[in-house]
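Heads up, there are several structures right after this.
Both of the next two complexes hold subunit A, though its partner changes from subunit B to subunit C.
Our next item is the complex of A and B:
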């Protein structure tokens, strides 16, 4: 199967979208960005390829005559067991990375045993973590492991004499090494096999669909990179596009009537105007300061000891408006602490913080030429219900009723645009080749 | 500044052509005269670039000193960061114009000019342009620092988009009654109108050649970069040399150089060498950033982008609308020049000028470099951008930086915006096919 890939290397996450020959989305992959950009891209792509194979499994199940609900359930179970295998394999790599650290090698037996105890507890709950309906702090290995390793370490420390900071230091060092290891490209088949083995009495149709999906050859025929880190992507210059163009085209592909796009990413906010073909006609981005971008929410989440995805739902429970003036990430932290000390409700303060971000975005939108229907909101922050609520209110107040599109896959908008550019590049090449032949 | 390719600290020596070397020598000679003023007894006048009265000043054998030019030269030499820090330490807010702070910091560091030689204290502070309110405050501070006499010329804004007779009379009256007597007092010489006329005639010759050079950018490829290269071309005429034979010679040399490039079909010379294929033709609004000037230029050059016209090169005065200094009406022509400088034009006139540039220079669009420090330039720029965009149908771009404060030049972000802008033009040009 031939595919074109678009990679969006953002400051927080790296996304990949792969398109088939007819332009259909075959799969999407995402990972946290890290110091080794190439590995981040490879991981995102490998995740997209895994996703594509899962989609092939689903197609196989559909063709086998299984009804839709049964097929979806079977796929979900398979996916969870697959993720568990992947998690276990990453845990093994992490343990190995710790063992070779000098501070581990030279440590006293008590410390080594303490680490083993932590890891044994972490490994011991792996199945539970990926049980149907179980909630996980994040799907990125770094965050997921951190959310389990740290509490386990605290427990072990409580029992013995080993210091917590030493155990955390092991985590910090080893996770960097593990994160920067290249992914294993051929991992789908063994993980899927192990996943099937972990589902007793698997439907033969599922086994057949998995075998077929695992055996499908995947061949990259075009690639385009975008995003903040695009200059460092392992692509030649002509295969690199600005994220402005990619977000414009991606939003157009998702919602063809889009005229204005707002993307709030980790470190920048983009207000983009596009025409009826998805061609960018004007844009504005924050230049001298990154106040009010996605990282703001990450920082607030850290300040409140919450996961970033927990903020929005909490803010939605607000009953009273609190005005937060500062969009400076650092000052907002101070304002947050002061408000808490004054006895303000946490949910109300959070709602105020979300509104502050969106107000900043409104100013960029105004500078780019305003908001025209349809208006498409993309980027990681578009997943946040409180930001979406604030945006709806402010757009209505300033521009009247408007159709606002938010796709559940909005985080992939830039990568989708990049993949579409890759496909266009390929089609143009083929066209010129045909012209030469004629 | 370290860490980015193309910054002066790491880059190979910049390519310079003969006219640039000539200009460098002119400036070195001028600063040399200023440095020796204590021994030779030559007197000087501190004054401003917009609408400057160079011929009048020089007709009294006074030497102009331009604090704005000193500030930008300091920035190009990597000294502005420390100068600004010194001014802030002395109590000037972070939000004050960075030209002012750079100048004040330079004074505190011993008033050593850009060539490494000391500058003399001012014999007169000639506040020649009041369109910028900061200028007034700047000279108030310099007056306190030096206890020098001040001559102030109030320049009416072209609110209705034109210079009326009463506006002209008002400026001429001030020249006669206030500026000239003060220049006489400082120089000990009588006002010599014939000498002034002679200098104004020289100015007009140099101005003809300058306009020819700027308009050469209508060629494809453009033989010049009218923004980055343009700041060199306007150097002599906007600073200390208008009305001198030196300036006439310089502009003739430059014109011949550019004419040769046109004949050979060559593009502009950049500090990194000859520009390759001309891919984008841009009109630029707003002053350049000086702290990362070369790196900034390289961001354009690397993408094959050439500035074919710019408004910054009209900051001292506008000539391409037909204005030339007129020796037959010496004070009136100085008044018109003063009131005609770019930042003294109202916003509709600035929109007209930008629109005309996009059309006449066959540009792909207008790019605004909005400067944190400069209200004279920045106020209204977004409105102007939208208006020019709608009148020309060409996409506009917007970036933000500062004059001489390196803290406000975010290299990777500006590069990112510029690349996006150029790609947007390319996409628009070829439709959905790319």
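Our next item is the complex of A and C:
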């Protein structure tokens, strides 16, 4: 199977989308960005390929005559067991990385035993973590392990004489090493096999579909990279496109009637106008100041000791409008503290902060040419209900009733655009090759 | 009719900043140099600044062996006018100029590096303010910014100065935004750049900002650094180096009590006002509400 890949190397996450020969999305992959950009790309791509193979399994199940819900359930279970296998193998790599650390080699037996105790507890509950219906904060290995390692370490520390900070230091050092290990390209088959083995009495149709998916050759025929770190991508220059172009084209592919795209990412905010082909006609961007970017909410979340995904739902509970006077993120943080100490309601202040970030984006939108037709909102902040609510209100106030599209896959917009550029480049090549022949 | 004012006055200065409260108790004797009897600074953290100020004022009174009634004037500055028990309030630039001159009589300008704002004040030998400049609605290069960086590097604010001096190859810090620079720092750490080199790079970028502020306020000669960052030997070194490189005719100094400059200045202005009002026949009754 031939595919084109688009990679969006963002400041917080790296995304990959792969397209089949007919331009259909075969798979999507995401990973947390890290200091080694090449590895981040490879991991995102390998995740997208895994996703593609899962989609092949689903196709196989459909063809075998299984009904839709049965097929989806079977796939869900398979994917959980698969993730568990992946997690276990990452855990083994992590343990190995810790063992070679000088801090560990030179440590007293007591400390080494404490670490072993933490890890055996973490490994022991791996199946539980991937049980059907179990909640996980994120599926990135770093977050998964941190969510288990730290509480386990606390517990072990309480029993013994080992310092918590030393155990955490091991984590901080070893996790970087594990994250920067290149992914194993051939790992679908063995993991899927192990996953199947872990599902007792699995359907022969499932076994057959997995075998077929694992045996499918995948061949990359085109690739384009984009995103915050695109300059450092291991791609030739002609295979790099700006984020603006990719977001425009990606949003157009998702919603063909889109004429305006607003992307609020971690490090920057973009307001883009596109024509009926998805080609950018004008844009405005803020990448100099955190006010108006996703990092603004991240900073506020840190100030309040909350997770960034908890802010939106809290702000939605607000009953009274609060106007935040500060622009700068740090000043807004100080204003937040001040208002809290004056006894103002946390939910109201949060709603005010969400409004403030969207207001900044509105000025970018206005400068890029405003909104006069269908509108698409992308980026991590598009997942935040309070920001979406504020945007709806402000767009309505300024431009009237407009259709606002928000896709659950909006995080992949840039990568999708990049993949479409890769495919377009490939088609152009073929066309000119044909012309030469003629 | 002029009222009698004792030759020796006891006054208090309370400087409420955005991250800490500073209190100075002073004895001001006519014709002599005023004496600092008790001076303390305390971080607000996530507490109510009014309560922190109240507690710190009590601590200082105790250290000095004074009662509230001994104090002829409680002068506030910064955001201290929110305190119910203050006698009068003075603007930050006048108190910092007065306090700066008290700490270093040769100083003709101060640069007050606070948690959120930085201001440059140029004054004459009698603490008259000749001009000033202040940073606007952006925390780039502020004390809070440096504190955030510390948090990411896992070091305390007191360690930052000595670490900065160990730098052998400062890493240039390009990002201007205080918040986006944090990402840069995280990237630097993962690229294996040492903490001293990261910190020094940040100190250098902050220094550039402060020097531009001083230049636009037309500062000359001895400049006293006040505010929380005056204790940071790293920022002092890099400020002087940058000034010398740019051939700016200023000499930067710090004082162990620099952080109290605003509170000191306020206490001094308080004594000045008591005497001035007395010549006009007004006596002050102190508000001693707790």
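The definition used in the following text is that the second predicted complex is superposed on the first by the 435 of 438 C-alpha atoms of A that agree within 3 Å, B and C clash if a C-alpha of one lies under 4 Å from a C-alpha of the other, contacts with A are read in each partner's own complex, and residues count from 1 in each chain.
By definition in this document, contacts are C-beta pairs under 8 Å (C-beta built on N, C-alpha and C of every residue); 3 or more make two chains touch, one makes a residue touch a chain.
These numbers were taken from a predicted model, which means no experiment stands behind them.
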Fit or clash - subunit C, subunit B, common subunit A: clash
Which superposed partner A:94 touches (first subunit B, second subunit C, both, neither): neither
Subunit B versus subunit C as contact partner of A:141, first or second or both or neither: neither
Subunit B versus subunit C as contact partner of A:82, first or second or both or neither: neither
First (subunit B), second (subunit C), both or neither touched by A:241: first
Which superposed partner A:295 touches (first subunit B, second subunit C, both, neither): second
First, second, both or neither for A:285, with subunit B first and subunit C second: first
Which superposed partner A:428 touches (first subunit B, second subunit C, both, neither): first
Location of subunit C clashes with subunit B - one stretch out of 63-71, 81-89, 153-161 or 207-215: 207-215
Subunit C-contacting residues of subunit A that also contact subunit B: 287-288
Subunit B-facing residues of subunit A, complex: 228, 241-245, 268, 277-285, 287-288, 367, 369, 421, 424, 428
Of all residues in subunit A, those that touch subunit C in their complex: 11, 34-35, 176, 267, 287-290, 293, 295-296, 299, 326-331, 334, 337, 341
Subunit A-facing residues of subunit B, complex: 372, 382, 386, 389, 395-396, 398-401, 408, 410, 413-414, 416-417, 419-420, 423-424, 427-428, 431-434
Complex contact set, residues of subunit C against subunit A: 18, 46-49, 115-116, 137-139, 142, 144-145, 148, 176-180, 183, 187, 190-191
